[in-house]
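Each of the next two complexes has subunit A plus one more chain, namely subunit B in the first and subunit C in the second.
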Partner chain A sequence: MNEDKFVQVGIRPPAEMRTAVPVKRRKDFPVVAAGVLAVIVLGCLFCGAVMTKDPAYMDLVNYSRPPDREFLFGTDTMGRDIFSMIWYGGRVSLLIGFLSTAVSTVIAVVFGSLSGMAPAWLDAVLMRAAEIILSIPNLLLVILIQAALGDANIWSISLVTGVTGWTSIAKVVRTEVRQMRESEYVVASRCMGGGFFHILWKHLTPNFISSIMFMAVMNVRTAIVSESTLSFIGIGLPLEIISWGSMLSLSEKALLSNAWWIILAPGAFLVVTLLCITDIGSFLRKNRKQSNL
Partner chain B sequence: MRHPFLYAAQKALVFVLSVLLLSLAVFYVSRLAPGDPLISYYGERAEKMTVEERARAEEKLGLNAPVYVQYIRWLEGALHGDFGISYKYKTDVLEVIRGRAANTLLLGGAGFLIIFGLAILLGIFCAWFEDRLPDRILCRVGTISSCIPEFWLALVFILIFAVTLRILPSSGAYSVGKGGSLSDRIRHLILPLAVVVLEHLWYYAYMIRNKLLEEVRAEYVLLARSKGLGKRTVLFRHCLRNILPSYFSIMAISVPHILGGTYIVETVFSYPGLGTLSYESARYHDYNLLMVLSILSGMTVILCSIIAQVVNEYLDPRMRQGPEVEPDE
Partner chain C sequence: MADDILLSVRHLTHCFRLSKRQVLRAVDGISFDVQRGEIFGLVGESGSGKSTVARCVMNILRPTQGEILFNGVNVCDAAQRRANKKMLQTQRQIIFQDSASSLNPRMTAAEIIAEPMQINHITTPRGSCRAEAEFQLHYVGMDASYLDKYPPELSGGMRQRVAIARALSMEPELLVADEPIASLDVSIQAQIINLFKHLQEEHGFTFLFIAHDLAVVRYLCDRAAVLYHGKIVELAPTAELFSNPCHPYTKALLSAIPIPDPRKERARPLVKFDGKGLRGEGRLEEVSAGHLVWKEAET
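Let's turn to the complex of A and B:
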């Protein structure tokens, strides 16, 4: 049916009837968020060029100094320059975010597709197991494991947050895999002797990657929050390993002396980063159809 | 259709198995931890003990046996209602918990009610104004609020309201000597409650908004509209009613999230509830206390997810095939 036929018989061309699902438009891309995030990530990666002081140096004369021209964001209760620490510590926070997302995504993809490809009974067992794990409050689980592991470092925190955060992605992967496991290309590949990981990588992953993208990006956010929360309550990174979380673990002391910059400066960076990640994440979601209301 | 008795039995079995599994896991993990449980019982003295004294102390607390023997002993006691004593408080674990549970219940319960009352209102409001200015503004504010880590929001609130303005107390559940005063309790509750609500509200409001927006795209809405039904009637009579099952299941699965959030807030505000207690007990190897607390929160959570399933299946028989309840952000 082409449009000029409508016009010929005198009917309004169906321009107002936008029935087609609008394709994801480039102009929706969150430019501001991506730009700000790029500045933060680059600043952290090349922190040597941005920093004005040595972030680990404890200037014991100038402790808890409010922001001024020398110490742009002030100094913390141990006399370290907060401006330099933010860029230096951002590396650790971002690294933990990405590492833990990598861990959780890999576990989720393998577990989810295993469950999706498995016979019904095994699928039921695996999914119940995932549900039980999902049902434990995430942060509580992290706190329990981390308190049990004792001294934390970057790797253990990434591992713990990754290991506890894979269940919801796994469920999505499983549903997607179940839908396409009977499709011709999967069956064909299996007939030709393709193994589980071959099929997973060549045929399944390209199909479900778009639907887990958003959740993976959100996991980066969750991991960064977990790191800072753990460090704040004192079972995460110790003070010597500078990260946004360990910087905020001085806030209880800062509250006593009303040193607001120790709390607000790293926190603002943290929140802005999380916000940018969220914006980019929501862009990756699927678009919606036209409303009928 | 299964027999209702079988159905109940199946749910009960799942519940018991999950709790058992959870207790086993917590028991092993807590004992794997490096650190000395004797310190939490004997304090400083534990470090100066001789080898024989240590052995005697461990025997007294039942810590000398292999872990699986300890677990079986614990399980035996637990089935008789004896959960052991807290190493730190040196009284029955249940006694310790009883003193604190009400505080957490008050904070969590009030938070839960406020969150869900407001969430559905906000959700409807946003869905009504989809993609128009009010919706856009609320979505923006909401996204920002949900990006702020809980503990940091709590810190900023303390900084503003307790340190700078000095109008609200920064910690505790009541002032010393005023334990019975209701207004004093409420004053202590305002800040923690505000943090709990602000932190979770948007997550659920957004979920409800999105569910509603999915619903208004259904064909029946087009039919109802073309038959001449008003927007409001369609939204409230049809769409809202259709998303109610998911509203209830969201409520049930939200319990662990809100519970976890309450725990963090309690720690920041030094609010004497179960959260601070769990944290202490995990940190200082107060095994018996930790076990009961984890099982308590685990039980609540598992119970809630079972309730969510049952409610769902009752309201929507299609769900019996397998629940697909997942929180999407």
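Let's turn to the complex of A and C:
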């Protein structure tokens, strides 16, 4: 028992009171992943400064050379310098990743919000449509659209992977919008005459952006993989447009001639980039869970 | 005389479809007029349909039957609504009960207050939107240091002031306030009520003031209607309503106001209302000038 009559029970002494736990943002932040990704992205963006050779120049004397002083990562079967191609081609791969993510995100946000704001029957129709698209294997859809579009280039590949990859983001957006649309600030905005896009931009997007951030980042990864896959199976970018995918598409021949560096260099860059993106993506997801508590 | 009427609600009925067979008549054929420059109170217990009336007036809900004339425009009619879109968007504003949910938590006070101006592309008389927001904020008794605060950082009373400032920024003719003080502490309630009274005296806004607190209605409103289960049972000037209540439900409501004297309070009979005489058809009848009481039709 407490003998002191003047200590009030039920009130914690100040020392015991826990101050708000500081958010451990910095600590969890994947520094290594962000650093490596930054190096890769910057290297690709300013590839002119990094490259040692002209990536498109076919040195017919030095074809399929293993790595050495002059050709840091060796040359491919057409005599192009792989080290230079990696930075140059990374630009295309990353561009496709970001472009197609932008396309998917815009489609997903508009479609998801439309579905979320629509009356119940239209919402049901739109969401079933999205599910049908989602249920078709992505690659099949990409191949179909690509075949319809004709010759592949950077824009068409971005568009195709973007157009096929929005459904899961749209579902998240739709669920969030459905919860928010009854909130009185959306009703109030509509009373003041706010149109669909005004409400979408001012009220809805800021509130769901954090929950689709993770998915958008993962979408960059998916798009880069799609580009590589397409190029690998031969319906992606043609060989003369250098990208990590089109570089990998040479691997068949490379394997036959025992030229391991032709696959390893672009493959390693691809895998490292994807790992970094994944790491940052899962950090975003965890961070979101924290902020929701 | 007709020019003095800003808002006219005629035989308004709103039904909520609860399931295939069940229909809830939340508002059942009510009519009233709100004159320009008056504060019209709508009182009733929780669930009597007050918010539904407000939402119909603001076009948030579509009434099942009846019409609502605002400034001579039938707001239930899509064509007329479209033709007068701008006028309706700026001249009618609503203040919700719960300021925590009626303000976007991710916008600053300045952005919130400027939102209607941006939507309607109003040229601001005071230069920038920010200056305008600051002016409106001053007007409701807050200073410029609150401009960059987010709603969760403000107290309930402050938030409600921001909501009022947002509504006022359009200088509307009609302000619909749906229980604007019900979520506030008593002392803050008094501040907000005085703010309303002050604004009305200074600016001559017309209020449709919804409350379940009779004392507030008595203090603030010029006329009041008592709503019970979606019907108006009594409508009269406030003084008349409180001094000479005619309908048993009104009597019951008034008897529930506590008297701040224990001896009188204990001796006072509590009138109960059993809901009799409100089941079927009937209509409002005038007992004296401007004092209408619900009379059940004789069967």
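Here are some notes:
The working rule: the second predicted complex is superposed on the first by the 260 of 293 C-alpha atoms of A that agree within 3 Å, B and C clash if a C-alpha of one lies under 4 Å from a C-alpha of the other, contacts with A are read in each partner's own complex, and residues count from 1 in each chain.
We adopt the following convention: a contact is a pair of C-beta atoms (placed from the backbone, for glycine too) under 8 Å apart; a residue touches a chain by one contact, two chains touch by 3 or more.
Predicted model, so just to flag it, every value in this text is computed and none were measured.
By the touch criterion defined above, A:K171 lies against subunit B but remains apart from subunit C after alignment on the C-alpha atoms of chain A.
In the superposition on chain A, A:S228 contacts subunit B only, with no contact to subunit C. Touch criterion not met for A:F208: it reaches neither subunit B nor subunit C. Contact comparison for subunit A: of subunit B and subunit C, B touches the greater number of residues. In the superposition on chain A, contact is made by A:G194 with subunit C only, not with subunit B.
After overlaying the two complexes on the shared chain, residue contacts for A:E184 are found with subunit C alone; subunit B is out of touch. Contact with neither subunit B nor subunit C is seen for A:F111 once the two complexes are overlaid on the shared chain. Of the two partner chains placed by the overlay, only subunit B lies in contact with A:L270; subunit C stays clear of it. Once the two complexes are overlaid on chain A, none of the subunit A residues touched by subunit B in the first is touched by subunit C in the second. Taken in their complex, subunit A has these residues touching subunit B: 128, 131-132, 135-140, 143-145, 147-150, 168, 171-172, 175, 218, 221, 225, 228-229, 232-233, 235, 248, 251, 255, 258, 260, 263-264, 267, 270-271, 274-275, 278-279, 282, 288-293.
Put simply, subunit A touches subunit C in their complex at residues 183-185, 187-195, 198, 202-203, 206-207.
Those residues of subunit C that touch subunit A in the complex are listed here as 58-60, 85-86, 89-90, 92-94, 96, 98, 101-104, 106-107, 115-116, 119-120, 166, 170.
Only residues 14, 18, 21-22, 26, 29-30, 32-35, 130, 143-144, 146-152, 155-156, 158-159, 163-164, 170, 213-214, 216-219, 221-222, 225, 231, 234-235, 239, 256-257, 259-261, 263-264, 267, 278-279, 282-283, 294, 297-298, 301-302, 305, 324, 326-327, 329 of subunit B touch subunit A when the two sit together in their complex.
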